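Here it is, the structure in full.
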Amino acid sequence: ATLRMAWAQDATGLDPHKQTAFSSLRLLELIYEPLVRLDADLKIVPGIAQSWEFSADGKELTFKLDPKAKFQNGDAVTSADVKASFERILDEQTGAANRANYLSIEGIEAPDAGTVVFKLKQPDAPILTAMTDTNSSIVPASEIAAGTIGTKAVGSGPFKLERWDPNSKEVLVANKDWAGGPTGVEGIEISVLPDESAILAAMRTGQVDFALLNDPLIATLVPNEAKLQLNRAPVLAYHVLQLNPARKPMNELAVRQAISCAVDRQAVLDTASLGEGKVTGPLTMPVYASDPDSLFCYKRDVEKAKKLMADAGFADGFTATVIAATGEPPTAASEAQVLQSQLAEIGVKLDIKMMELNVYVDTWLKGDFDMAVALNGGRPDPYTMYNRYWTKNGNLQQVSNFADDTLDTLLQQGRAETDPDKRKVIFADFEKQLAEKSPWVWLYTSYGYTAQQKNVQGFVPMPTGSLYSLGKVTLQQ
Amino acid sequence: MKPILSVRDLRVSFGRAPNAKEVVHGVSFDLGVGEVLAIVGESGSGKSVTALSTNRLIDYAGGRIASGSIELLRADGSVADITTASAQELTKIRGAEIGVIFQEPMTSLNPVLTIGAQIEEAFRLHRGLTGKQAKAAAREALERVRIPDAERRLSATPDQLSGGMLQRVMIAMALACNPRLLIADEPTTALDVTVQAQIMALLSELRRETGMSMIFISHDIGLVAGIADRVMVMQDGRAVEQGKLGQILDDPQHSYTRHLLHAVPHFSAGEAVRADAKRAGEAPAKPALAVDDLVVRFPLKRGWLSRPFGAVHAVDGVGFDLLPGETLAIVGESGSGKSTTARAVLGLVSPTRGAFAVDERTASPGQSRLPVQMVFQNPYASLNPRLNVEQILAEPVIAAGQRVDATVLVRMRKLLKQVGLPEDSLSRYPHQFSGGQRQRLCIARALMLNPSVVVLDEAVSALDVSVQARVLELLVDLQREYGLAYLFISHDMAVVERIAHRVAVMFAGQIVEIGDAKSVLSNPQHPYTKKLISAVPTIERRNQRFELDTRQVPSLVRPIGFEPPAARWLERGDDHKVRAEA
Amino acid sequence: MNYLIRRLAAFPLVLIGVSVVVFVAIRLVPGDSITAMLGTEAGLLTPQQRQSLATYFGIDQPWIVQYWRWFTGLFSGDLGISVTYGKPVLTVILERFPLTLELALLSMLIALAIGVPAGVYAATRNERPADLGVRIVAMIGQSTPSFVVGLILIYLLSVGFGVLPTMGAFTPLWQDPLQNLSQMILPAFTLGCAFAASVTRVSRSAMLDVLSDDYVRTARAKGVPERKVIWRHALPNALVPVVTLSGIEFGYLLGGAVIVEQIFALPGLGRMVLEAILQRDYALVQGAVLFIAFNFMIVNLLVDLAYAVLDPRIRLEGR
Amino acid sequence: MRILKSIFAHPSGRIGGAIVLVYLVIALCGAFGLTPHDPLMQYRIDRLHGPSASYWMGTDLFGRDVLSRLMQGVGQSFTVAFFSVASATIVGTVLGLTAAWYGKRWDTVLMRLMDVLLAFPAILLALLVVTIVGPGTWTSVAAIGIVYTPIFTRVVRGPALSLKTRDFVDAARTFGSSRTYILTRHLLLNLVAPLTVQVTLALAWALLTEAGLSFLGLGTQPPAASLGLMLSDSRNLMEQAPWLLAFPALAIMLSILGFNLLGDALRDILDPKTRRA
């Protein structure tokens, strides 16, 4: 049987090393495989690699590859392919999205066809988590040499891409050679239905078996239908109000804290997302997350906020502009409006400026805003997730505009530490500091939604939003 | 013998019940078999409404027959009351038993259907002919109205034929099924005199041939005289008088009939020209306007790069002079270049060649601001509907760079009074005036700046006869008072006779004859002038047989660089010369 | 013939104008293909990486050079390569065009089939209740935004009747006509609604004008039955404004009906261009807009030719 | 005055005029804050309330009063429609007039330029303008204005060409009236009729376009309301809160209906060709 699937946003390209859009990853992870992957509990499990181990000094990481792993062109996956793939990622010319995570790699060795050794300049615990990313997928060395990555999709995953009409449909067929065993369906046909209410309509009439939903307003309607089932998974991505500490008056700690105290995070969640989600601190992965209530000002306290404002000399408030992207996420405009109304209570007058996504990204990357409503992607590892913003030489320093010695130190410590328990302590401190210094106001994490007909069996929702388990899904007649 | 049509106490009204407005108030008449009844009367007197009631076409114009009866003697001898006939019955009667010809041949034919299709339709509907037969019948019908090359014309669309031709097509169509009654509603009003004569000739000939009856509507008594057996005079929706043609013309009983007969300028072949000729005797004054060798050509272009391949010689070597206080009339048929001459004099088209002098001030071609003013043909089109009278009269003053002050206002009032408009006119808008009043306004406007020459292009053609007479009087009075020189363009010979001192006859862009009005009108020399004058209908020419002449006006399109041979003028009197035929 | 040549000769000028406008406009928009692909992750690129991506997307040269390259490519029929689709722009456009064309044709058909008879009927019932009824319905149709019609249609069908034509995967007409029509009928109807309303209003008023013309009176005087008077004599004369309107609307529809395509998930030109803009697929935007403009002009030309066929008085000179 | 009277006498003019008038009043109330509630006030406990005595048209996702927002939205939508049509009218009229008057090369150049704009798909044109400048009220005004300018240019040029050949213009030329005088008094003044009609129709279309732009997220910016934005915000709530879609949709339809009716009436009144007994 073929699984009929629908989503609102289509992939934007096929190069697994370059494409970072959520919509692209959902497609590519069905075709390509990384060395290791994450399971539903965010634990690292085998991918192409059967096993792995760090050397005692933490400067060598060795993988043993699965001998059954085969590319869709029939070739076996060898250490040469792994080496070539990582060299491609590391090559500046490629423009690979994940390159920054691998800067500690000094050399890659392939002692035999089934073994790969990464030599590191320094101990790097998060590197293993980074390798679970679809952006670190292994591609055939032959395709790299031919320069066809991005035009032809040849991976080792459960499905082969047979046909792609961008913004219209994809046809995937089962990969008979898949090392993970036979797939539950013969193929997947994905339709792009840009309007989510149309997706719901199509599911109601039984045209679609499985769909990816973005908009909580639509998702909450699914449980009303007898034949349909809604899958929810908390995700790592977080909704946040980014302040720009380089701009007056957000350069004042008191002002930032006042804003943090004036925000009723639960209300934002309730209104913008119909309560679909959880209030969160900076760390969204369950292993590291602390109880939000223990964080600075997570209980709304308008009086305190007003006092802080007064202390900073802004008793009368001030005016600032907040930017948000149109439709990305769908709740952005709503969040901005709730925040606007909440901050008005302490005299902070927000002007909302909605922007087309690319314009927004451009502005955001330049750090050219007073405040920004954002949905930032999360990573399973705190260091990978935040080093870009809060280390002094983080790549997105110009976005966060906030360099802080304590935060920097904590992150460096966490990176080098390989003992999980010690890491937890370090990052708990990091989270507390971050919430208190309030460069940003973290709001909530939402759910990743998928909707399915009840006869679809075996789908496991993932916090990363991954649809990888579609490989094992079956259709009951 | 029973009359073919018997109308009793016909009342027709427009509009819905409460606001219904009756426009025909109880008209009765009988029409004998083979008889021609003329209905005359001024515009709006109800002529058309009466006629269109006889086949109930009036229903479609929003009218309703309120009461009365219309009895039609049908071909099978039965009598049908049109007022109560069913829609089905009416479609059988229309076209088959009652044919109609309308005033505007240009708009009365369907522009998107070929002539052939439109004529064939009548045969299909009433004779059941189809295919080849219908086509052959249509061709025959066209031949019957003397259309040359009928076969080819069948596939032409109306825009490809001239007005005269189209009216013939209309007649062919109306007569296709040999109706026993033909209604001709002002069938020649839109046509040139010469063409009018041809159509009239055709109608009388066909009538003799077929013996049909006819209702002939016209406001031109002269025209009626040529064809009618009986006349009915209408005024304000009533038939004020009816009787035999002779009786009405020679012994009118009703005052309105007398007024109508009196007001209409009758052409009398130069007998009625003005007596105050300027050129008689003493040394002529300096001309107010002198035109010498005026040439206007409109280039014709074609092809990729719009290369000119020829030109319309609209005006070719026209020259004349005009003394103060004198009227020169330019006559000629449509397209002969009359208006173009006037427009060139006014600087509205730039002449290809030629010189003007106004009050001896020469002007280069294309330059306006000479003391020449113009009165246009259509009083409705020549006044900006959005300006009030004060603004309209002020325009020439503003254009001349003067202030609109108290003295200007005084002059406005004076002129308004002189042209016979009420005191309070200044604040009114053009739509609040009748056609005649508007033309007076135009005249007043033309006089605002004390011009020495006034060009009047068909200035009275659009007006009702009695209004026409009054405007002509006004023009003469003003001419006397201000010593104005008039360049008077018209195709109506009777009007020309009344106002012109001199007459110039234009044919195909050239003046073919020019001279003293009396001399030209009474003793025309050029063949074209002769034809023109013989075509003018008058009440003297009763039941006259018009000559049929189907020649076409020559084309004015000439190849590039073509120059006509120099004119040779033959003197035919003191002030009367004629162009020698090449 | 001449006229055709002259009109066609003006095409390149207008197209160059269009191409310059779109070329400049799309580049004035902040963001580029790189941010469109990587989103916020684009910030992680080193300058060197960025440079090589710029080369990959062909946006590393000054505008003038880019334009010239693109412009000279036009002459060999090369509109560039779409970075989203990884295919030549022309191929992408031509894949989308049949749907757009079909949708436009269908909605025009629906509009004319409803609008013209309704307009004619209303005109013959001038100012009577039937006329007012038709006019009010037409005005309501004209004043309802198409997305409202579309959303409500989908909702009613899916919830009320539990049926819905297949959405997303589009079946071309030549593959499965029935399936294709079932997919197209709703969007065509949605678009056709407002279109039909305009046609109704225009044909009504044109018909009213024509019915008071002299030649209609002539036809009646000939004894032509009323039905024939209306359909054979009056209607052809009333068609010019209807053709004008249909031409304009059709021309716009050929540019794609963004919103309706979005709601009904049709892979048409409109959505393609919208997405190309959002994804900063410069070559595709340029090519598509040029293509749409070209179609628009062809339609205009056809409309002018149609005038000449409909009405022999209209000469194909100037405009 | 005369016009107002005739509008009142015309059946569809009466209805259309009344509707437009009511909307103007609503728009003014909305603009001056004369609304039952503060349109921005978020009554959190009353989120997504159906129509009731205190909220006649219910509340939205944020607990804001829909009626108040609708009133403000009407003002906003009308502002966009009014200014965009006004600018298109002014620019289009000037261009159309000069094209008709000077003719020749100027006409050719101008009309080809208008062709370029016309050939550009309208929604794309608006889209590009909006993405370049960033969305907002005045951007919408500019975008819609640019889209309508070529239409007005054509609407003016056609009749201006024929007016140019009318007798009263010829008469003016024989007096030697200045170009500006002729252009303003004789041409422009007589174009008022077709322009008025076109303006009312364009207003209706501008309302629709504004709605379309807002639907794509390119129009009015939150938290301000416009009819189109309210529609687009509510479409995914169509099932939970149908009133959120119904009222703005009705409001849009009714306003466009009003403008169309008024436009029809004005055409009947001002255009002598369609003036019938």
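Every chain is named by a letter (A, B, C and D) in the order it is written, and numbering of its residues begins at 1.
Keep this in mind: a contact is a pair of C-beta atoms (placed from the backbone, for glycine too) under 8 Å apart; a residue touches a chain by one contact, two chains touch by 3 or more.
These numbers were taken from a predicted model, which means no experiment stands behind them.
Quick one: which chain's Cα centre is the longest way from chain C's?
Farthest from chain C by mean C-alpha position: B.
Taking the mean of the C-alpha atoms as each chain's centre, how many Å separate chain C from chain D?
Distance between chain centres, rounded to whole Å: 22 Å.
Take the average of all CA coordinates in chain A, do the same for chain C, and state the distance between these two points in whole angstrom.
Averaging C-alpha atoms per chain gives centres 39 Å apart.
Using Cα averages as centroids, what's the distance between chain A and chain D in whole Å?
So the centroids are 44 Å from each other.
Report the inter-chain centroid distance for chain B and chain C in whole angstrom, where each centroid is the mean of the CA atoms.
A distance of 49 Å separates the two centres.
Among the residues of chain D, which ones contact at least 2 other chains?
If we look for residues of chain D contacting two or more partner chains, we find 131, 235, 238-239.
Note the residues in chain B that touch 2 or more other chains, in rising order.
As it turns out, chain B has no residue touching two or more other chains.
For chain C, which residues are shared contacts with two or more other chains?
29, 151, 155, in rising order.
Which chain pairs here would you call touching?
Applying the touch criterion to every chain pair yields A-C, A-D, B-C, B-D, C-D.
In their shared complex, at which residues does chain C touch chain A?
Checking each residue of chain C against chain A gives 29-32, 34-46, 48-50, 52-53, 56, 83-86, 95, 151, 154-155, 157-159, 162-164, 166-170, 262-265, 267, 271-272, 275, 278-280.
Can you tell me which positions in chain B touch chain C when the two form their complex?
Touch residues, chain B against chain C: 55, 57, 60-61, 87, 90-96, 98-100, 102, 104, 107-113, 121-122, 125-126, 157, 159-160, 170, 173-174, 302-304.
Please give the residue numbers of chain D that touch chain C in the complex, ascending.
12, 111-113, 115-116, 118-124, 127-128, 131-132, 204, 208, 211-212, 215-216, 228, 231, 235, 238-239, 245, 249, 252-257, 260-261, 264, 267, 273-274, 276
Quick one: which bits of chain A touch chain C in the complex? Just the residue numbers, please.
6, 12-14, 18-21, 92-97, 99-100, 150-151, 165-169, 189, 191-195, 197-198, 200-202, 204-205, 207, 356-359, 361-365, 374, 376-377, 388, 395-396, 398-399
If we count contacts the way the header does, which residues on chain C are in touch with chain B in the complex?
2, 5-6, 211, 213-226, 233, 236-237, 310-313
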